[in-house]
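Shared chain: subunit A. Partners: subunit B in the first complex, subunit C in the second.
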Partner chain A sequence: MSISINSVSKAFGLYPAVNNVSLTIPKGDFAALLGPSGSGKTTLLRLIAGLENPNQGRILFNGIDYTDKSVKERKVGFVFQQYALFKHMTIFENVAFGLKVRPRKSRPSKQQIHEKVFELLKLVQLENTAARYPAQLSGGQRQRIALARALAVEPEVLLLDEPFGALDAKVRQELRLWLRELHQKLNITTVFVTHDQEEALEMADTIVVMNHGQIEQIGSPEKVYNDPANSFVYSFLGRVNEFRGDSIPQELRLNEETAGYIRPHEIVLSRTALDTSSPSEVIHVHTVGSAVRVELKRLDTDDILEAELSTEKYRQIGPLIKGEMLYADFSRMVIFDDDRPNQAKVSNKIVTAL
Partner chain B sequence: MSKISIRRRTLPGFGLSMGYSIVYLSLIVLIPIALLFIKATSLSFSDFWQTLTDDRVTASFQLTFLASFAAALVNAVFGTLIAWVLVRYSFSGKRLIDALVDLPFALPTAVAGIALTSIYAPNGWIGRFFEPLGIKIAFTQLGIIMALIFIGLPFVVRSVQPVLQDLDIQYEEAASTLGANSVQIFIKIIFPAIFPALLTGFALAFARALGEYGSVVFISGNMPMKTEIVPLLIITKLEQYDYAGAAAIATVMLLLSFVLLFLINFWQWKSAKKHKAV
Partner chain C sequence: MYVKAAADKKGNLVPLMRKWVLILISLTFVGVFILVPLAAVFFEALKKGIELYFLSLTEPDAWSAIKLTLTIAAISVPLNTLFGVIAAWGIAKFEFKGKNILITLIDIPFAVSPVIAGLVFVLLFGSQGLLGPFLEAHNVKIIFAIPGIVLATIFVTFPFVVRELLPIMEEQGTEEEQAALTLGAGGWQIFWRVTLPNIKWGLLYGVILCNARAMGEFGAVSVVSGHIRGLTNTLPLHVEILYNEYNFTAAFASASLLALLALFTLLLKSIVEWKSIKKRH
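Here is the complex of A and B:
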């Protein structure tokens, strides 16, 4: 089922949580609503589910206006951040709930419910937990049961609110892959909310970057990462160094407010001076997996910044110690002319070419 | 068997607080009750049996337990309703109604009894409308139930209210996304969550009603075999200087109440355990 959101707004009191948002999610898409807390991403998800009513705008499923339809009529699967498993019911009863509450005419027989529930439990690889209570499961297991329960009603849209928010890093990683596979298998239009850019980049087909109740950019992970529409998107997706004032080459400075950005891995370090590089002092070096992060102090401007090298590159340069002098090249610095961070305004981008 | 394991706790004072609790409970509850039992044993068994199997006594036992049960049941239903209204809706005067709920706690029960009697008497404000229909409220068993409902009202409301308050809306939302209608959400999601608290409230209201004397004596009319409750019968025995007989009736009343309350609490404990996180 495709989802169209046409100029939807929702305010809580005077606070505009979602402000005139338009968005189309095609059938079978795996979309991430990405943004910092308070950006309106969860509210948008709840608007799609029908758990909130918009103040204005329309929400269409497959081109049909669903704005005034109740949650029940929308047939969406919703997975809550805290899973909202019914504590007094066993796992079997939780998953069967959506089938058991159907009106008598369309309710499957006991046998059918039983088969369907075990089919779903098999899908989420938790068949042996049927007789247990939610309190007896781990966080990751509860997450999968919440998903199985949502899938029991055969939804055409699956909505997940911060699906991995409450899990530890390892379980999160496993579940990400698993959910991605599950989406490929079932091909249900899926929308999930996250504040974790890594999660969005890794899982989604489409990323919707939100800030202050508005959409900053919509695009594939490659698109939003490599070709960000504005400084907010650039700085929200991935680690970034920000420069202001004198740290930006004179010819690129549009006004006093101009800010320049460069990702840590785009800073080129060398032991010898190049004509565009600045002398920098090593403050701290630490290894993160396959990369080495170097904290630097730029001596000409006193900016503190972070550079990232592959271990290979690090070996070429040789071991760095605290206090050592290096030359850092910032020629891949990016300037946006909107230059008030967090300002919801799409801007033109100027890429530096030094 | 009787191994008591005391885990190391961050706060000291287990011995002191436990000791104080036991002394306190002994002075206030256990010793008086023990004396009651001792007094009752001063009767020979045949006397004891005779006192208890007297028609007037059995009738009053039946009336007390059934009327208390009925009143607690009515309170369970309407108390939940009041708690629901107080938690889920906001309206002007909500705080006033919230305070009103506690009034039966504060009002001397005799005052409540007199007020209820004058209203529900055949010529009272409300009683007169029931009179032509052939329904008598004051001076009947119905009147006793009315008084017991009044004094037991706060218990269910105050037990259920905090649980409803803490009930996360997301469970209801989850149920609605799964296609449940509002009746199904209430029966399958909300009711099981508040049930242990409801049972607690019910047990408290029931216990309170069993021991109630002040308000009932005014509205019941106190006709032997018809509208005579156990506490009144005990008072009557005392007035006739039949201390042992009064103690015998009180002992049985106490035992029956204890067994019933224990059963309700056990049920409550079992249903609450189901919801507890491990």
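Here is the complex of A and C:
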């Protein structure tokens, strides 16, 4: 089922959670709503599910207006952040719930329900938990049961709210791959909410970057990462160094307010000076997996910045120690001329948080 | 408080001793104020023999008081349970204006003296009261009759179920209900299959407390009942009348019934508490 959102707004009191958002998610797509907390991504997801009603705008499924339809009529599968499993029911009863509450006419027989539940438990690889209660399962297992329960009603749209938010890093990684595979197998239009750019880049076909209740950019992971629409998207999708004023090469500077951005791995470090490079002092060096992160102080402008090298490159350049002098080249710095003033502020915050 | 201060002054008082002093004080207090009176009730009731004890309970006026007390509880407890569930549901699961005012209003029966509560009903429905002439004209008797006692009892026991359910429902939030909604369940299905099972222990606890109070209420009922023997006398009122007539054995026999009810309630309450704790782990 394809989803179209046409100029949808939703406010809580005076706070505009979603502000005039339009978006189309094609059938079978795997889309991520990505943004910081308070960006309106969860509200948008709940609007699609019908758990919230929009103040304005229309929501269409397969081109048919569903704005005024109830949650029940929308036939969406929803996976809650905290899973919301029924504590007092066994896993079997949890998964069977959606089938058991159907009106008598369309309710499957006991035997059919039994088969369907075990088919789903098999799909999420948890057949042996049927008789247990949610409290007896681990976080990752609960997550998969929540998914099985949502799939039991054969939804045409699957909506997941921060599906991996409450899990530890290793389980999260496993589940990401698993969910991706599951989507390939079932091919249900899937929308998930996340604040983790890595998660979005790794899993989604389409990324919808949100901020302040609005969409900043929609595109494939490659598109939003390599060709960000503005400084917010650029900053949010990866580690970034931000520069202002004299730190930006003269030819890039549009006005006083211009901010320049460069990702750590785009800074070229060398031991010899080039005409465009600036002398920088090594403050700290640490290894992260296959990369080496070098914290530097630019001597010409006193900016503190972070550069990233592959271990291979690091070996070429030789071991770096604190206080050592290097030359850093910033020629891949980018600027955004379409920045709204309030956004510059936001990007600023993100950079200092690094 | 005093013990603590004395211990702090000395500074090096052994904690073990402090512990035993505190336990001893509590035990003495419980003994003097609770156990001794409770034992005295049963002692006085049975002093003249078990035969007289049962005789004073089966005598028509006592029997009618017992029946009336059970009737009143059978009417007011279900009504307050129903109301309690609805109010707690509304308050905990929805946001609306005036929510805090509603919560405060629900607490009024706890804050107001039961005698005043009874008096309010007399002022409203009594023959001199606001609605008195109207009721008389339609031949409806509320004050000095069973409806008045039911009203007073409902008023006094009003907050028990709500107060018990509110924190439980607020803690549980609405996610499970929303999940049920997305799975296609309707309003009733959500209530019976999701909400009720989640609150059942708290609900039972509230009902038990509500029932204990409904059967034991004296003040409010005393004002509206009129103390008509065999007609509008509940068990607590019956105890008072017998006592005022120096019929101590009968008074204590009836009192022992109320005491037994209290003990039974406590037992039930402990079982429910134990079960609900066990369920949570």
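Please note the rule applied: the second predicted complex is superposed on the first by the 338 of 354 C-alpha atoms of A that agree within 3 Å, B and C clash if a C-alpha of one lies under 4 Å from a C-alpha of the other, contacts with A are read in each partner's own complex, and residues count from 1 in each chain.
One rule holds in what follows: contacts are C-beta pairs under 8 Å (C-beta built on N, C-alpha and C of every residue); 3 or more make two chains touch, one makes a residue touch a chain.
Remember, predicted model here, so these are calculated numbers, not experimental data.
Student: What does the overlay on subunit A give for subunit B and subunit C, a clash or a fit?
Tutor: When both complexes are placed onto subunit A, subunit B and subunit C end up clashing with one another.
Student: State whether A:Y327 touches subunit B only (first), subunit C only (second), both chains, or neither.
Tutor: Once the two structures are laid over each other on A, A:Y327 reaches no partner at all.
Student: In the overlay, answer first, second, both or neither for which of subunit B and subunit C A:K72 touches.
Tutor: After superposing on A, A:K72 lies in contact with both subunit B and subunit C.
Student: Classify the contacts of A:H88 with the two partner chains as first (subunit B alone), second (subunit C alone), both, or neither.
Tutor: After superposition on chain A, A:H88 lies in contact with both partners, subunit B and subunit C.
Student: Give one of first, second, both or neither to describe whether A:F118 is in contact with subunit B, with subunit C, with both, or with none.
Tutor: neither
Student: Name the residues of subunit A shared by its contacts with subunit B and its contacts with subunit C.
Tutor: After superposing on chain A, subunit A residues 49, 51, 71-72, 75-78, 80, 82, 84, 86-88, 97-98, 101-102, 149-150, 152-153 contact both subunit B and subunit C.
Student: Which residues, counting only subunit A, touch subunit C once they are in their complex?
Tutor: Listed in rising order, the residues of subunit A that touch subunit C are 49, 51, 71-72, 75-78, 80, 82, 84-89, 97-98, 101-102, 149-150, 152-153.
Student: If you look only at subunit B, which of its residues touch subunit A in the complex?
Tutor: 168, 170-171, 173-181, 184, 188-189, 192-193, 274-278
Student: Residue numbers of subunit A touching subunit B in their complex, please.
Tutor: 49, 51, 70-72, 75-78, 80, 82, 84, 86-88, 97-98, 101-102, 133, 135-136, 149-150, 152-153
Student: Which of the residues in subunit C come into contact with subunit A in the complex?
Tutor: Subunit C reaches subunit A through residues 175-176, 178-186, 189, 193-194, 197-198.
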